[in-house]
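Remarks on the structure that follows.
First chain written, first letter: the chains are A, B, C, D, E and F, and each begins at residue 1.
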């Protein structure tokens, strides 16, 4: 087996024109470690609760629509839904993000879900970096996907 | 101290019009864990060595120029250089990326460096996902920056 | 009844994956008030008639294709037609714009039509602002739409 | 006097290369009329107060950075700040927006301020249109600007 | 017969909503003339063989997805494949490019194929211009297309 | 001498941070061969004279601002002027385009001028392709440039 994105050793946007339109969904996850001062401001801070995550959510949804502009061999797709949730682990100073994207199309939305989570975490970094530049973004991965020829997938490593 | 991106509780693109133009540089790092089949194809594979990383490099440099389109409160900047290196740890099945961005401007390029590394790793994921969907992107962080009012920064956690 | 773009209080790009593809059309209208010197130059001016509106038309059509990049919760759509008309009321110093967008898809093109008209009027402003900065853009609204689950709509307020 | 955006009757992006970099600021205003049900949901609704306006604010700031991509003859500029405020007139069912943009550059930021306000109002429309499609966006105008050869401007019509 | 992109003398994005979705493919070709020093560096140079063309290939594929953003009256399309080949004529100092794009949709992909080739050649120019600024890009044309109401086309001039 | 866009064999956006801001200008040229029916419609056609070229002009100016998004190793620049002229050779069935771009910056605007001309010609192709698909775009080249360390350049081949 080899890379689908190369044909005779050159990069291509893979021909999916023979694949059928199916309903597809993918969920990706990721996290960012912050320090206690940042966590405190995000949760109880001078600003009203949720705004950092509110801005990150809008950025993430907008980025999901830009995936094919960023990832060279990604096909453009008509996303039919995009949704991201955050979970705050105050004790361990971690914010978790889980993003789900849907489409009906000839290729999957794994990259869109990963792009969404990645942009959410980068936006959190941006909005908090005046306080702490040592945040670490970590463990971004595909959690599960449904639809398409390869069928359902659940990440067995997590 | 509070978040610079909020003014009276609302999100703003911070006013940097009084800040001086200085020469700035930032370096970010990140990594992706792959399985042995993927590592083998990247390093010795049927395709010519380096192509996956070659595509990822182009994607990364192009993404650095799109940072202010993706991160809502980021200022547009005239990047004067962008450069990304990969290091392959075959034994531990990890690919490391380190990206450096430069500008002469009123704000720093931390986000551009992080965006570059993030896009490189997502592109590697995209190009290898036909073989393995369980790759994990991990530990994206700012390594160091120079220039600007806050001066030089070296990440003490790494 | 509540906002469709929020789910449990958080912004989402609404899941339309169960909606059927239907043929859809939307028309939006708007206007800009100019002073008599500007009106004169647009209509009889030193430059050949129609050029300000010609540039505005191109800008408007191009903007209709960017709607989902600008409006955070808008779905990407394959527009199958876009068309904009201007009407000049010389006596009252008003330029009217009416833009129609079509698609076959799972959501409507109201925002695309509104975006088209809005960009046309902003472009007119831009091209005439050296003469008059006090132009007023006014009364941008959806005139009618057809297609989709909610069926036909004609604005009753106009 | 004629249009600066035409040279011998053809559209051009005006040559500003001889103009000096100066500190510039522009403020634009606009409004949207909603019905009482929409106003109620925005102010006291099932969702937490401010979210519609929170999403509109992010969209507006991001759109200010895209102005030169939308308005054909607009010069690209390095915005050094962008900020938007909303005022809710519950009694008269109107939401007002006022956006301010700053730069240090060779041309002004009038269009960026107008683009910001326009996108904020279109985003409010989008997020509320499931409830009411008869909202009217009205009276978008430049309120004031400072900097540049033509100096300060305050709109005398408002 | 007249121009399809004008309706009563004004530019429009032609209404294709009544056209059927068909499988479509288009191939465009082009070339660039370089000097012998540049040719030598591309083929045997200090850098590893293929990199100039590798970067041009990625740029070309990414540009094919941006065609509707660049060509005002082009419809957005979901490309289902994009692929570009280069042929080096060392003796005559010419690099040839041939790009093929596929979609299933209501309009063809001629412009996408032409955009792909055009961007590939401009990227080669950019990467070599430090050595030679007198390269000439020449003879970009549609070679063939299949699908759509007008059926198959093979350029008879070439 | 070697390629400036490669450092140790890998593609980079060259570091120009030590270069001085200078006033720069570049002019590129190109042409498209059409058939007599197309030429007749462009010049005397049912539509009003100049519209095809009017749309091409707007597209070209807008594309000049997108050059760094399309050409991977191009630096973003603040264009201070963009201007394109067409010349119609009715007898020989050729339309010529000449585009000039200006900036004050650390790198030149050769690519922006070439991008502008390339997009103008592609837009002409798009608007006329319903009549003739066998148009040939030919001989796109840099005519001259001024400014920058390498000084003035006039193409000796033309």
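Keep in mind that, in the parts below, a contact is a pair of C-beta atoms (placed from the backbone, for glycine too) under 8 Å apart; a residue touches a chain by one contact, two chains touch by 3 or more.
Quick caveat, the model's predicted, so the values are computed rather than measured.
Undergrad: State which chains count as neighbours of chain B and simultaneously of chain C.
TA: Looking at chain C and chain B together, the chains touching each of them are A, D, E, F.
Undergrad: With centres defined as the mean of C-alpha atoms, identify the chain lying farthest from chain B.
TA: Checked the centroid distances; the maximum from chain B is C.
Undergrad: As a test of understanding: of all chains, whose mean C-alpha position lies farthest from that of chain A?
TA: That would be chain F.
Undergrad: What is the distance, in whole Å, between the centres of chain B and chain F, each centre taken as the mean of its C-alpha atoms?
TA: 31
Undergrad: What is the distance, in whole Å, between the centres of chain C and chain D, each centre taken as the mean of its C-alpha atoms?
TA: Each chain reduced to its C-alpha mean, chain C and chain D end up 15 Å apart.
Undergrad: Which residues belonging to chain D are in contact with no fewer than two other chains?
TA: If we look for residues of chain D contacting two or more partner chains, we find 10-11, 48, 51, 54-55, 58-59, 62, 66, 69, 72-73, 76-78.
Undergrad: Output every touching chain pair, sorted by label.
TA: Every pair of chains meeting the touch criterion: A-B, A-C, A-D, A-E, B-D, B-E, B-F, C-D, C-E, C-F, D-F, E-F.
Undergrad: Under the definition above, what is the set of chain E residues touching chain A in their complex?
TA: 23, 54, 57-58, 61-62, 64-66, 76-83, 85, 102-104
Undergrad: Please output the residues of chain B touching chain D within their complex, sorted ascending.
TA: Contact set of chain B toward chain D: 7, 10-17, 68-69, 72-73, 75-78, 105-106.
Undergrad: Could you list, by residue number, the parts of chain F that touch chain E in their complex?
TA: Residue positions touching the partner: 1-6, 9-11, 30, 37, 41, 45-48, 51-52, 54-55, 58-59, 62-63, 66, 69-74, 110-111, 114-115, 118-119, 121-123, 125-131, 133-142, 145, 153, 155-157.
Undergrad: Mind pulling up the chain A residues that touch chain D in the complex?
TA: Contacts found on chain A: 48, 50-51, 54-55, 58-59, 62.
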